[in-house]
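Presented sequentially are two complexes of subunit A, the first with subunit B as partner and the second with subunit C.
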Partner chain A sequence: MTDEAEARLPEQHPGEPEPEAAPAPARRWRRWSTLAPSLLSAVLLLASTLLTVLTAGLHDSPAAGNKALTDTAATDRVTGEIRSALGRILSYSPDSLAATERDAKTLLRGQAAKEYDALLASVRQRVTDQGLTLTTQVVRIGVSHLSGDTARLLAFLDQTTRRDGEKATAVPAQLSVTAELDGGHWRITKLKAR
Partner chain B sequence: MRTRIASAPGLVLVLVVSTLFCAFSLWAYVRADGDGDLSYARARDDALGAARTHVARLSSMDGTHVAEGLRKWRESATGPLRDELERTRGKSAEVLKEEGTTTRGTVTDAAVTQLDERAGTAKVIAMVRVAVEPRRGEATTDRKRFEAGLARTADGWRLTSLQAVPAKAN
Partner chain C sequence: MFMARVKRINPLLAVALTLAVLTAGFAAWSGWTWYAAADDESLAFAKTRDEVLAAGEQGVQNLNTLDHRELRRGMETWEKSTTGDLRDQLREGRPEFEKQVRNARTVTKAKVLSGAVTELDERAGRARVMVALRITVDAPKEKAVTKESRMLGALTRTDDGWKLSDLGQAPVGDTGPSAGE
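Showing the complex of A and B:
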């Protein structure tokens, strides 16, 4: 605001109650009336930015990205499907070996499928020759991570082996499982013995 | 006065917009912070983290510092498990000192299987690799599978139970 402008004002707006020479308090008031809203706006915008960043942080936190247990339906679904899949692919008898292999073809993918094929190749002879039967039961299963179409689970298994004319023995086994959602069904992509 | 007349509507507009923007950001933040799923997810991660720490601790014992090890065990527990550890304290110290075995437990995988956020209770399954160093003889590695019960205390989640999950006898 220049002195020239202030000096001319009374002439242009004769009705205004502004004093002709604009004393110091009025000038200060005018300066503040511009400065205060500007400052307030700046502070508000700064606060908004901060809040937006904090909100984004809440949404992007690892806790929010993991739907294990928070999405009950999806959690039940993946545990149910993997529980059943493990029971099927890790149970065989001389009569059901072919069916087990067929199940494995649909239920396993990638690395898990490759490793499973090698495993089955190593026991196939014994299954037919010794009448070897393996029954696997999942006794505990939990989802540690679930997001969209991938999941990680931990499963505790009881595996019962039986040979022709021998007594059955149950041994504990544990697997960390990685699964992917494919065409609406969970398929095992990685298996790691623990 | 020309400056004031020219800038006043602009200033008012900026002030109104920034006030609205700030109010909206505050609302969005409060909503996200109070999100039930998010707080449940945080409780789940807290419980899992605590379970990993405390299960590992209860699978570990320095055979040369038994009293210290037993104190750590008690600190990892609350409720019934803590009572039990308190009760068997003397006997455990005797046996552990006698054996002098050092064990170190590492949780290799774990998952929360149940979580009641309101009650502050959880159940976790955990796989533990235990390195066993007897006073004499060779070191071995043992694998154990556990089911742990947890409860939320003022100091965070603590174990209320810790049980090995054995293979069912046929």
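Showing the complex of A and C:
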């Protein structure tokens, strides 16, 4: 208490050459010698906290978790495999129906496999009876999201249906595809028409 | 002797100095990790990709949205969403197009269903996107028509962000633009 009161004195009369003026700088130095590092610490702590928060923000941003296009090798791989998979499972003819179904068994998983089975069951009769042929070509495919072993893609398809003796017509179709990496290969788990 | 030494080493000073050293270390470390993250090229690329997708999807939606009652505002939005050749084309065709929309009194709305960036050249400031969308056209005395559409767009970086510089339907087969347009 007395120390503080004394310390304040020189500040109250800054210009006066008091007899205590000699020890005052020493006292002032002592105060500053603790105050300055403390202030510095506070400023540094504040800056560090800010930087840490900023860094976390950079790493946690959705952009960082999505490897679509940033990892070109992985992006090319998933687009290549899904492009080929869609072309195979969405193309059939009376002769190739069995092969298409075999492909679907390996390329499709979960919900996509279930829905595909139902879809194929509904057309199987027509494929054999009417000589129905479907050819699917992926005209454009892009990755919306890619992280580790899951991917979401968007595919633009041209689908050509042909019946015995009829002229073929191509129609556009858009698919959202969810895929999972399983044993080193991308497998389709969800298909949604867009 | 002992007393004098205790008095000389100010414990507050010791604590303050230790804290300063510790916080300086923390600051150096956090500064470095921040710099590494901020300088991470793939992170910057990923951010740009997301910007491009957002701008592309918004642009495609804007260019497929038009209300004949708010024609001026709609066309201004079109201009703001585009740049380069596409904007020039829109400007050129604007009077004729406005007349058509005013006569048909159509209200067109679009909803983006999904989109993806297929190409991104950060240095050149160019990108390509693909967008699947649902368009609803409402005309007087007619039932609203809803159709699915697929579009391919090119984006160019401007001072005012990424903007569409080209946009068109993704064609079917070799027969040119799809029947929908």
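Definition applied: the second predicted complex is superposed on the first by the 172 of 194 C-alpha atoms of A that agree within 3 Å, B and C clash if a C-alpha of one lies under 4 Å from a C-alpha of the other, contacts with A are read in each partner's own complex, and residues count from 1 in each chain.
The rule is short, and it goes like this: a contact is a pair of C-beta atoms (placed from the backbone, for glycine too) under 8 Å apart; a residue touches a chain by one contact, two chains touch by 3 or more.
Computed from a prediction, not measured in an experiment: that's the story for all the values here.
Student: After aligning the two structures on subunit A, examine subunit B and subunit C and state clash or fit.
Tutor: These partners clash in the superposed model.
Student: Examine A:V139 and indicate which partner it touches, taking first as subunit B and second as subunit C; both and neither are also allowed.
Tutor: Both partners, subunit B and subunit C.
Student: Check whether A:V171 is in contact with subunit B, with subunit C, with both or with neither, and answer first, second, both or neither.
Tutor: Both subunit B and subunit C are touched by A:V171.
Student: According to the stated criteria, A:A64 is in contact with first (subunit B), second (subunit C), both, or neither; which is it?
Tutor: Touch partners of A:A64: subunit B and subunit C.
Student: A:S84 contacts which: subunit B (first), subunit C (second), both, neither?
Tutor: Neither subunit B nor subunit C is touched by A:S84.
Student: Using the superposition on chain A described above, determine whether A:S38 touches subunit B (first), subunit C (second), both, or neither.
Tutor: So A:S38 meets both subunit B and subunit C here.
Student: Which parts of subunit A are touched by subunit B and by subunit C alike?
Tutor: In the superposed arrangement, which is not itself an observed complex, subunit A uses residues 30, 33-34, 37-38, 40-41, 44-45, 47-49, 51-52, 54-55, 58-59, 61-64, 66, 68-70, 139-140, 142-144, 153-154, 156, 158, 160, 170-172, 174, 176, 194 for both subunit B and subunit C.
Student: For subunit A, which residues are in contact with subunit C within the complex?
Tutor: 30, 33-38, 40-41, 44-45, 47-49, 51-52, 54-55, 58-59, 61-64, 66-71, 139-140, 142-144, 153-154, 156, 158, 160, 170-172, 174, 176, 194
Student: Would you pull the subunit C residues touching subunit A in the complex into a rising list?
Tutor: Against subunit A, the touching part of subunit C is residues 10, 12-13, 16-17, 19-20, 22-24, 26-27, 29-31, 33-34, 37-38, 40, 42-43, 45-47, 49-50, 53, 113-118, 120, 129-130, 132, 148, 150, 152, 170-173, 175, 178, 180.
Student: Touching subunit B in the complex: which residues of subunit A?
Tutor: Residues in contact with subunit B: 1, 5-6, 9, 13, 18, 30, 33-34, 37-38, 40-42, 44-45, 47-49, 51-52, 54-55, 58-59, 61-64, 66, 68-70, 137, 139-144, 153-154, 156, 158-160, 168-172, 174, 176, 194.
Student: Which positions of subunit B touch subunit A when the two form their complex?
Tutor: 1-4, 7, 11-12, 14-15, 18-19, 21-22, 24-26, 28-29, 32-33, 35, 37-38, 40-42, 44-45, 48, 108-113, 115, 124-125, 127, 143, 145, 147, 165-170
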